[in-house]
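As written, the chains take the letters A, B and C, and residue 1 is the first residue of each chain.
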Amino acid sequence: MDFQGIHDRLRAIGAPGLVGADEPRQGDPKDKKDKGRAGDPFVLVDPQRLTDFLRVCRDDERLCFEMLVDLTATDPAKDQAHLWVNVQLLSLRHRQRLAIKCLLEKAAPRLPTTVPVYRASQWHERECAEMFGITFEGHPDPRNVLLPADWVGHPLRKDYQYPKEYHGISCE
Amino acid sequence: MSDTHTASGLGGDARVLRSGEREFTLDVRTQDMEINFGPQHPATHGVMRILIRADGELVTGAQPHLGYLHRCAEKIGESVEWLQYLPYTDRYDYLAAMNNNLGYSMAVEAVMGIAIPRRAELIRIICAELNRIGSHLIAVGTYGMDIGAFTPFLYMFREREWMMALFEKICGARLTYSYIRIGGLFNDAPPGWFEEVALFCDTFEAKWPEYYDLLIVNKIFVKRTANVGVIPGRVCLDFGLTGPILRGSGVDWDLRRDMPYSLYGEIWRDGAFQVPVARGEMGTVGDCWDRTWVRMREMQESIRIVRWCLAHIEEGPVMAEIPKILKVPKGEAYVGIENPRGELGHYVVSDGEKMAVRVRVRGPSFCNVAVLEDVLPGALVADAVAIIGSTDIVMGETDR
Amino acid sequence: MQSGSNAFLEALRAIAPAAVPDWVLMVTAAVIGFAIALGLISVAALFFVWLERKVAGHIQCRYGPMYAGGWHGWAQSLADGVKLMLKEDLVPRDADRALFIFAPGLVLAAILGAMAAYPLAPAVFFGQFSLGVFFIVAMSSMTTIGVVMAGWASNSKWTTYGAMREAAQVVAYEIPLGLSLLVPVMAAGTLDLRAASAMQSGLWGMDWLIMPWNNPFMLPAGVLFLVAALAETKRAPFDLPEAESELVAGFMTEYSGIRWSFFFMEEYAAMFLMSAVGAVFFLGGFESPLTHLAAQIGGTELFVRDAAGTLAFDASAIPYQIVAGLTLLAKTVFGVFLMMWLRWTLPRVRIDQVMTMGYKYLTPLALLCVVGAAAWEAIKHALWS
């Protein structure tokens, strides 16, 4: 199925948390500021319902997304109020991919963990947590995965301040 | 990182004996040993630390600790220009650098929506497949060394030297190439290069049975790897494992055939290559032997793909028309390609500027390491080495 | 052969003034013998290290040492020895200092002691050993104590693994080793290396015990002996105690410099001795057509008593002694080469598989060989003597 088909199926089965979809489009010729958007389409999902949404994606026969390929986050800009959580799903049986985006408030970035649905997200969520400061509620093992346990700050945020020194080693 | 060491009283009971009027109390407490596998260790394929809890030789718990090779590649992606990021892509999976370049370039090209000249596509595939051979040679060679067979490692490096010499001729570098660029290639192949590649293919194909007989079907090697570290197919899907691990567990999935990119769709339709999927020939499907077998067979298939490309090579430009200072239009894309270790995914987000908003690298080894927590318990310490080796992880890709 | 004396002692008796008491001569002979044994081990270790690197290199399609000393890097081990002597003497802070320092010494002392039973030539030997091979096997087993001591004293979990594996492995393979040696001992009728070698001198020096006409169970026993010897000397495919890619360096991890080289000297000396035992009991020892020839052209005893009872030195026996000694040396070196060849070809067997193999397969097979060989010998004696 192409993206349209997947989106229609999601709406037909009433997938929980589905907010909308965003597809690439040409810019508006009348509006010079609007240059459009290139690349891949994605669906927008409410982050608090993400786990249930993923469960439906995995279990529905026509969708059948057996594998969670990637779960990550993006900080689009310093002045934007939201973080994105990006999920990439893969269906081996139907040979299709799905890109999911959730918008999280930067002030309180919390959402339930998706580990009950895919074990793959366990380490991906750990990385998101340490890099962006997102809390995945109910995560079985919320330790840092790449950074040291005592690292201060969330490096991949746009407003991240590099530390001056770490354990006596200068970071200038 | 967890730094607590707890002494678990495994089998700790107080047994009470009666002897006449007196009671004796024997307090027998045994203790699981907690050992550090790494970060400096000959068999962990890079800097990784696995905290292993072992009851004698039996592993009862394993906890991988990463981050020793974390070089902030994703953060750097946001502060350098699109083309300047290419050398950083070489350095995550340094054993298959061409594939990394390809993945990143394809992701950016997907956002830009440009077409690549055919000659560039063909040479890209040749380089990616030759690099796949080189990467698998190291994977199987060092795996043999982990098991104790020192000699096949050196034989395989002999072929790898040749591959690196070929790459040196085409782009000047032996390990980190930055050759496959956004829009095409850095430069065209020098005259005589394709003939040398054909010669390499013929020679390597003749040497392959030598490695197979010396290492893969050696009775001792089979005893060490068959029925060891079995990962069932559904566990692979649940953990997001891809590549030889997935195919070694019997799941028939290869991105080059099932979600084709570049010219792989055409090559598949021409019947030029097959996808080796393990059937549990020497033991249970999904054991270490199967994964190694898949890697050996993939080398043969790569030779066939390279031969197809050599037969269809045509003249033309090797770079599309793109501006020198690249400004990628606003948008985002995810492109996953078949790395020697699994699905290498690049998710790039652009704001229309000279630099990316986000470059996310989905390294297959990062996902592959996660399964060790579940597979290692229940194996012996010597098996732990065999299992870690069979997942073929490269720490550059795991930590980025 | 004179009993109760050896070439050194006889030579000293011949040249010493009469006033010197006999016990002084015996002590001097012992000291000379000790020095020669030590020298032999050192030179053997030097040579075998070089040989191992060349064999490894050529099997792996490369050259190995080529520079040190000129021709194919013959001085490489000398250079390595000098380097090791100049290294810092490191004892880990938390290691059991006394045991840590004592262990390599024990290991080397054990193998040096076992070396006493190795005959350099039919008349040049360190001491009369009617227990010959039994003594060698027993002494070389003492090295296990040293290895376990080293692994424990290093106070590291990895070395403890190596030590435990070594103990388990050696215990498992002592039995097939002894049993497989029982077969040629039965056929030869003696434990003494020199005597066993002497009884294989028929058929122009080719009446070796391993030949099929002597006893068909000799060949399987020989193969069993090879496998057991590999396990005893911790060589691949049984090199788990020092399993490089798993345990860093096993029980030797914390050792560096000269102490580490003691372990390596012990390993090569043990290989040498096992190979020598195999050469004597299976491959004819001193005997070969060349030795037979040398025995025809000159005498065979270095010291002969003439009719009056005085000892005289018979110089015509020297060619025979040299040829015989070199024959045994050549067979021993071939055995060591065989062990090296196997090391660089085969992967490593896992410890539980090693134990399974030792207890469940090799021991019954060895018992079968012993029983079969005994039956064969009995039938042979009944029918032909």
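Annotations for the structure displayed:
Note that in this section a residue touches a chain if its C-beta (ideal position, glycine included) is under 8 Å from a C-beta of that chain, and two chains touch if they have at least 3 such contacts.
Every value quoted in this text rests on a predicted model; they were computed, and no experiment measured them.
Think of the whole protein's Cα atoms as having one middle point; the chain whose own Cα middle lies nearest to it is B. Farthest chain from subunit C, judged by C-alpha centroids: A. Subunit B has its Cα centroid 24 Å from the Cα centroid of subunit A.
Taking each chain's centre as the mean of its C-alpha atoms, subunit B lies 46 Å from subunit C. The distance from the centre of subunit A to the centre of subunit C, with each centre set as the mean of the Cα atoms, comes to 67 Å.
Residues 1-3, 66-67, 70, 72, 74-75, 110-113, 237-240, 242, 251, 253, 258-259, 329-334, 336, 343, 345, 347, 349-352, 357-358, 360, 362, 366-367, 369-370, 399-400 of subunit B are the ones touching subunit A in the complex.
Taken together, the subunit B residues at the contact with subunit C in this complex read 33, 35, 41-43, 56-57, 144-151, 154-155, 158, 214-215, 218, 220-221, 223-224, 380-383, 385.
Within the complex, the subunit C residues that touch subunit B are 56, 59-62, 157-158, 161, 164, 236-237, 239-240, 243-246, 248, 344-353.
By the touch criterion stated above, subunit A contacts subunit B in their complex at residues 24, 35-40, 42, 66-70, 72, 74-77, 86, 88, 90, 92, 95, 97, 99, 118-120, 122-123, 131, 143-149, 155-156.
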